């Protein structure tokens, strides 16, 4: 799978129903396109993206903050308990060619910032507005559009 | 110095004259208050803060992204070449009780986000507006005010 | 795969023919037993273990020291460019339930030491002798035996 | 202090009296020579080395595994709570020009191995025998000799 695109899906560990629906659609779309889904391995948006990907036959990589692999959600194909705490956010971004952010709080904001710092494309669904013009985040209204934009950006 | 407050000063590696003036005032004020200045160890705002602190008799800690200690600016008391790349931003935040952000680009934004995620006070001078109400960043107009606000927040 | 055993295979990036033969047998045996092969993602023993695993239908995780995914050997299923340098050795050990060391130089020795520090079983084929009695490393003469010993230790 | 030698002193968190005596002598000798003492920040050999250095007017850097600065021993000048767990051992080695190992268990062995991997001089007092000829560790019988050997190796 080292030739496939790796796309990170980042977002809150607790999310509402519409956010979970979009995250799941993102995961499904990525899997259908043959991309690897990279995430922080926990719940909420991360879990929904993994579930969408796995149900579509895809593969998911969960980079966990702690040292316990069993903290991974049930839809993670391969779990890496980094033991780095929030420093693992940098590894999520490094492992990916582009980042799709679905909503998100401060942890998500750190991942968006690190991706932009590294010059990697960031696509957002209902996520942070950095108040910059032009907007450094490519906006999508729903999951399938986000997938298309992210894959276009890395090809 | 393990009993002293540790305050991170974060901001761009290249800064304009007014930003450098405020960063230097922040460093000076922190040193005069007996605080340790933590930073990323490089130039711009980081260097100005270290210079201000050292000229006031203070001590500065530089957590570098690379593995070469000589990349540290001349005003770093102790340099730690972490070799973690931008993941060292998480260590800058961890090492600090509060964060003062002077201006800043995406790297600075990642540090602000990680500090807020960790529940640490963030004071800003002309830095990112996260578009949240109430503003999670305590605003200061100049260096001495930022120092006072940061120290008040950690006491 | 979060329920499967994760077994790290560690060893030199350049290895001789007998070492590569045993590493490949280790990878094959782990895959046949349904275990995930974790490694540093590069050449030599790492590559041979991955090849053995993949040819047997298994899955391999490569935790790379650099930030470039393309440095992974061709048999890595999922590559994580950690950007941590040799600090990634700690992540290889963390990701695994047990470690199989095939020969090895100082990098391998650091992984053996970190595994023993964490209380994880270490099985060795022609690797370091730590001069301790009883030997903290369980010795195997060839790959299949090492696999059996490692899997027995984690069950 | 970025021009001074940085020398790591590594060893067990619990040590016997003769080990502590040598570690303290190492710290004192390093401080008298103007070197910065780098260590893991905890007790035993680390604490003794820091105490020796501080009592001689030196400066000590403690790179802690956890996120709590207060875990540092009382003789640490600057404490960095890395939050990296045992991966911080790699940072201790990176921060240093040479390593002095006093006795030590598996954590110490990982630091010796990482230092040798990085091509950094390692001086040992009663520490691991790696069974190699020539011995990659320069042997010292007591603290002052270890300091002299380490400083000679980095000049």
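Think of it as A, B, C and D in the order they're written, each chain with its own count starting at 1.
As a convention for this text, contacts are C-beta pairs under 8 Å (C-beta built on N, C-alpha and C of every residue); 3 or more make two chains touch, one makes a residue touch a chain.
Not measured: the values here are computed from a predicted model.
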Where chain A and chain B overlap in contact partners, by chain label: C, D
Remotest chain, chain B as reference, centres from CA atoms: C
Separation of mean Cα positions, chain D and chain A [Å, integer]: 40
Gap in Å, rounded to a whole number, between the CA centres of chain D and chain C: 29
Residue list for chain C, restricted to those that touch at least two other chains: 67, 83-85, 87, 90-91, 94
Chain D-touching residues of chain C, taken from the complex the two chains share: 84-87, 89-91, 94, 105-107, 109-110, 113-114, 116-118, 128-131
Sites on chain B touched by chain C in the complex: 67, 83-85, 87
In the complex, chain A residues that touch chain C: 1-2, 6, 36, 59, 61, 63, 67, 69-70, 72, 74, 76-83, 90-91, 94-95
